[in-house]
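Each of the two complexes below includes chain A, the first together with chain B, the second together with chain C.
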Partner chain A sequence: MDFGFCLSPSSHVKMDSVDLTTFNRLKETNPDVNTCIACGSCTATCTAGNFTEMSFRRILLMLQRGKEEEAKKMIQRCMLCGKCTLVCPRVSTFVRFC
Partner chain B sequence: MNNNIFHPFVLPFVLGMAFVLTYCVVGLIRVIWQLPKEDRKQFLISLVTPKTIWANIRDLFGDCLFHVKIWKRNPLLGYMHSSIAFGWFMIIVIGHVMLFTLKPLEGVEVEGFARSFTNFYYPIFYKHFATETPVFAFLMDFFLLMIISGILIAVVKKIYSKIVGVKRVTKFGFADNMVRFALWTIFPFRLIAEKSNIMAFWWLYSIDLMIFMCMLPFTRYMHIPTEALFILLRHAGLKAREPRKGFALAQLYSCPSCGLCIDACPMSVNDQKSGNTSAYFMKILRNGDTAEAQRIAETCLMCGKCVLVCPVSIESCDIKFSQRAAVPYEIHSDHSYLDVISTEAERSGDPSGARAFTFGEKISTKPKTLYFAGCMTQLTPKIMRSMKQIMETAGENYDFLDKDGGVCCGRPMILSGKPAEAQAMIAKNTELIKQSGATKLVLSCPICYKVFKEEYHLEGIEILHHTQYIDELVKTGKLKVGKGEVNYVYHDPCELGRAFGVYDEPREVIENVGNLVKAKSEKVESICCGGSLGSFRLTQQERDEITQNSVDDLMFNKPDEIVTACPLCLKTFSKKSPVAVKDIAEVVVENLQANN
Partner chain C sequence: MKENIIIIGGGAAGMEAATQLQKLGLTPVIIEKSNALGGHIAQWDKLFPAFHNAKDVVSKMFDNVKDIKTYLNTEVTDIQRNADGFHAVLSNGEAIDGKAVVLATGFDLFKAERKQEYGYGIYNNVITSLELEKFFRTRKDERINNPKKIGFVHCVGARDVKVGNTYCSKVCCTTALKQACEMKEVFPEAEVYTFYMDLRMFGPGYEDLYLKTQKDYDVKCIRGRVCEVSEDMDGRLVIKAEDTLFGKPLRMTLDLLVLMCSMEKNKSIDKIQRQLGIENNSDGFMQNRDMYLGMNDSKQEGVFVAGTCTAPKSLPDTIGEARSVAVEVFNYVNNK
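On to the complex of A and B.
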């Protein structure tokens, strides 16, 4: 929705034109992402999240919205410490994806 | 041509021998050529360093010839291997020694060039061409029978492997099976040929030798010549850098696919998963199937048990690391935020809106002992609380490095095959630790302990795992503990026990606070909890099987509680254990004496 003015940049996503190639590839290699309930435990415990805006929940969301570039930028901050997999109530295994 | 000089049946052997010698020389040059320049220099220097010369001689005899490690594993298995390998070696040596004493059958001496040519095959077929003094003849027969006794055990082992204490054996393809069959029949054929002098058996014997030698480079039997080179390279202190080059290549060819690692591997609790073990990994990588090798490398828990049970001491984990690193990541990690957010001012300027690095201030109090809990301990706060109580009770001057969350130690990055990208975290932690002015660094997590010990340069700072630290406090009398009546079993975390041999300190601590009972598999043999960060590919179900197996092993003597020294093991076991699982620090706190 564009009224010609806004307080923050528009986060409007046109779902019709979203490119889900990456997300679908992720679903293939890591079927566990299908079970995500977006509880945010991963973000709360994240070691990198203590210093940055790093949030695994948002990375999954970004990929579902086709915001691949943002997701890639955020995932660079990951320290791979594995805390997120331990606190996750649903997803348990991450296979190397990228 | 004179019958005591030459007979066409020697030709298959001569051809096979010429081929295998050429292959080995070319392979040797290739391995040394592929070594990085500094590694090659290090290797050549090690060949003339007295200390490594001694180690080389010791292991060349101990491992290649007498197979001490296999004897230690199982005496019958040791005899099986030694009788064949050592017996064959002795036949070759004695055969060459007695060249000087052979008496030609028809009294015709061979001279000059012909003599040196016949020397090539005379020791192998001597009974056809010459007679021997009784002493040598007896020795040759003795060792030949010794080999045949070993082959008999090998045949029984093929049918019933438990006779040599091995539950699962490696499954082989056509080439390996064929060479094995050739090896088994070489010596009976030789015995029959020598005793009966029937031409057909001399031919069979020679053709068997040819099959064995021509196929040798393409099968597991290549370990026979390669192991010697591998021992020299290993003692030079080299590390595998690329999965199929140089040192790693020597290791791939040194793997005898004996399969001792299959029983050892925590993954083979499920028979279908035993294809993920090092024996198969090495075979698959040697055959060049890098995609499958990559899959196994990423599945491995990196517990390191296969390395320690390996009779050849192959560093399969290092090769798996190099295989992981060989497939580049699309996304490169960027931890530059660790540099810019150390102060409030810089933090506010960071577009990502980083939160405070809260331990900066505390560190300036110059503590003597610094406690780094690590990511995993952050998830098990009871360990942190117990450690705090222990350090306070002991009256230690301490501080927390990561009370409100710290920087990851870097080990998970290294495990993922990104050693270079772990450096940002290593540098940040090093900077913070050095700032603190501490002389002692205590870690609760063996994962951190390994990387701090191996990758960090913290000169003048003693790095201790909390089991060692508590043991020290108890021994120096700073911490007084009472002995309870509880029966504890101790689980050795992979990265503390197998990696650094810290087996005794935790056990001594537990003996001070209660009764220590034994697990079924202890110390080197301890089974990974299944929670290891090392694996990316195991599903939760597969991990659960491993955990259950490990718990069953620990519950062997029916302890009241399981004690471990790793927060990750603690979390993993808690899900499956029928009894309470505690960290060693908790157990100590429970048994602290009131008059401390």
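On to the complex of A and C.
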């Protein structure tokens, strides 16, 4: 039966139930992922980011906020050029994850 | 009997330490490698957070040291420990003996050309914070030609593993906002942007400066590090950054880009530092004895440190340390 209304799902990031498996796996092989200072250099320099939503900074955040599907979708935009690694002030080797 | 204290460096730290040591009844001797006292602060026009004239502070300091023995254009070429303290040979051929040594050798400004992606030395309209300060003093710089859009880049040579400097240079955030306001005063029609990662307004009145920057000067702060600078056909600068709060990459065309260069350890003292047995800390500055209770002391007896030779510091920090080192030296000499 349709009463003409519904409940909207919560827009909160549910930190109590975030699944960090992928992020933790990534962290084991690349401890650098923990050192991001969110300066945005990777996103600004990204070749793919000129035309798409690609943002490495946001991918790292998505993985830490339980948005793994979104992260997977975004990471497909990477063209493996490696410029993000060049500009990162924390020497993250992003391109290896893509 | 009055005791000589050898002070290496005649900037803010050296001058203030000498002033206080003289008041305590000791005989400081300042050895300065350049042709004038004052160090970096003498090259500054106005001071944050309240736009005081640097000249007023520095001229008082000059006045305080006018009776203190000072060697200009002189470096210490060799220093040896002996039974009475230290024996220093100077580049002018003289030698002096002292009970204690105060290293007040300050900092070097990060060489902006090392961050090649910012185009300093390649593009005409990229300048450093020090050069802008010189412009405020002299109102002369061919590169600053009625700019309509001005950008400031924070953390140039700081918080950056790529250049080997992981530390925060402490004063550049506040300096950037101060200079941004001053640019608005000189060029009221200009749009001024700063590109920051964190605005570290750590001192009294600094947050007030930040508020003033927004309210009275309409300076726009964008949270993101500039990652590339290039030049367009008209010779204007095109910069790329991410607006991290908006979550999108951003491009902007500017007429002038100011690089907020970090402080690095002054390496011209390295030989003397080695002779005295003072090591560097993990940031490449001099290691003091203890972070809390031995800030101006070193691990070597009779060798003291003050000012930016141990870490980036503001002028009030430096003056505080210079006064503290005077007390340390006084206690050392009297208890020996």
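One rule holds in what follows: the second predicted complex is superposed on the first by the 81 of 98 C-alpha atoms of A that agree within 3 Å, B and C clash if a C-alpha of one lies under 4 Å from a C-alpha of the other, contacts with A are read in each partner's own complex, and residues count from 1 in each chain.
Methods note: a contact is a pair of C-beta atoms (placed from the backbone, for glycine too) under 8 Å apart; a residue touches a chain by one contact, two chains touch by 3 or more.
Source: prediction; values computed, not measured.
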Under the stated touch criterion, which partner chain does A:G40 make contact with: chain B (first), chain C (second), both, or neither? second
Which holds for A:V87: it touches chain B only (first), chain C only (second), both, or neither? both
Pick one for A:R58: touches chain B only (first), chain C only (second), both, or neither. second
Touching A:K27, do we find chain B (first), chain C (second), both, or neither? neither
Of the two partners chain B and chain C, more of chain A gets touched by chain B
Figure out whether A:N50 sits in contact with chain B (first) or chain C (second), or with both, or with neither. both
Which chain A residues are contacted by chain C in one complex and by chain B in the other? 45, 50, 87
Where on chain B does chain A make contact in their complex? 298, 329-335, 337-338, 341, 352-355, 357, 375-376, 378-379, 404-408, 410, 412-413, 415-416, 418, 425, 531, 533, 536-540, 543, 568, 571
Taking the touch rule as given, give the residues of chain A at its contact with chain C in the complex, in rising order. 37-46, 49-50, 55, 57-58, 87-91
Which chain A residues qualify as touching chain B in the complex? 45, 47-48, 50-53, 72, 75-83, 86-87, 92-96, 98
Residue positions on chain C within touch of chain A in the complex are 117, 155, 159-162, 197, 223-228, 240-244, 247, 249-250
